[in-house]
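Going by the order they are written in, the chains are A, B and C; count residues from 1 in each one.
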């Protein structure tokens, strides 16, 4: 019984091994691949990212000057970030989180992102 | 590139496999590729670190004898060949009848051999 | 005449990480026959490869399996590089080796936790997975993501390791080794684990060769075979011997995996100590042509890739033969004659990864 006492006291007075999620969160590491974001001022609409995406999640429209990504189809591989000639796509380290409806995020040249429409139907 | 490939004919298959079984080779797998006139079959064996490959071609409707008398574990790749390519294999002791990996509800049979599927009248996958 | 009953083992069971079904034919308490029924995880990857570009199929290769995903990417990249005649810089080879060994560590630690959980040791399961968290943090810091990492590409690697990352790796390896040394005596000496695993699931050496066993399943029966001795990536310059046990039962296979964890830590330290300087990526242009066979050592055994291309945008044929597919006939042989209560432990001992089997 006294052999166990050492282990019991050590476990009682040492710091816990787990974190109290969701009140305490760990910040993601700086090299983490979370999601891709567009810096639309630098985009020249050459469509290289759309052609090289393995998951077919980017839609770029040269006439209307929009760039859109379906975040729930994106596999965060980073090929579009490498291929873009003007560095108009950046990899952010924050994960985009869950959502109820699947809508692509469309970015216009003016920089405004359209507001989320709760009545929009689920796109599949 | 492929090393150590032996081209044999379909009738020599059982004798060559018996020779390899006697010298304690291990069966790795069987690969089939669709070519213009039929299928190109490669049997991969290994002893220690070296590979030995047996290769031959068959036509679409020809039958291939099973090598399970010498290697019982061959029933796994041979059932896969029947599922994916529709190759006819005779003398299989454990015969899943094309339900090894695909199921009855799949509308597409022989997904890796579109010409066989078209000949059998089942749905063919779009390009 | 004893009656025979048929019991379905699977597709959902506590010991399986992925679904597979075995129909067990029982006579009283002993299993007389076992018939595997696959098909729960088929996704048609070999067919997709004939339609997609060969550069995009790299990301498809990563997603064949979640536990052994680094090795599939490595094998695919090496096969395409051999088809196109590309020489990878030496620093990239060492980085690929480090990441492959980290992948092997996390796979073995996952298996060890599941194995003792199947026997009832739940807090040992938690402690093993806590040690696995050190490995996942190392992978996340150096590659960007915990599981599907995307850092190996055709022509080298996408990321480099700087001095700060190497220091982090060495610090974490020391913590990991300390945690492993605390739990190792339980795996090797605990009387209850020994009673459930010694003498259970026997596979003799001759049968293992005849039935085509690979990986720790074969090395637990005394066969000295490890594909890392072929010398791909940087293994030619590292110094190691395959871990072999001669007891031919579940206990031997378990010890092979536990000792391979320590061997992986040594290999990573050796690779970090002799990392050559230089660039990590070469530009690759053109299209592949020809045929190639590539074999590497996954955590579960020997992986075989056969690629055939003829100058088009996509491959003509991509044949994947994963180790668990080869280990299924020995498993069916081992289950026959065992008692019903031993069947989950025997099935776990070959480390089934069904996502790999039914790509």
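We take it that contacts are C-beta pairs under 8 Å (C-beta built on N, C-alpha and C of every residue); 3 or more make two chains touch, one makes a residue touch a chain.
In this text the structure is predicted, and so the values were computed from the model without any measurement.
For chain B, the chain with the farthest CA centroid is A.
Highest inter-chain contact count (C-beta pairs) belongs to B-C.
The mean-CA centres of chain A and chain B are about 44 angstrom from one another, to the nearest whole unit. Per-chain Cα centroids separate chain A from chain C by 29 Å. In this assembly, the C-alpha centroid of chain B lies 25 Å from the C-alpha centroid of chain C. Across the complex, chain C meets chain A through its residues 52, 55-56, 58-60, 63, 130, 140-145, 148, 150, 158-159.
Interface residues of chain C, counted against chain B in their complex, comprise 35, 38-39, 42, 44, 46-47, 50-51, 82, 209-212, 225, 229-230, 290-293, 295, 302, 304, 306, 308, 316-317, 319, 321, 325-326, 328-330, 358. Residues 1-3, 24, 26-29, 31, 33, 42, 44, 48-49, 51, 53, 71-73, 75-77, 84, 94, 99-103, 111-112, 125, 127 of chain B touch chain C in their complex. By the touch criterion given at the top, residues 17, 29, 31-33, 52, 54-55, 75-79, 82 of chain A touch chain C in their complex.
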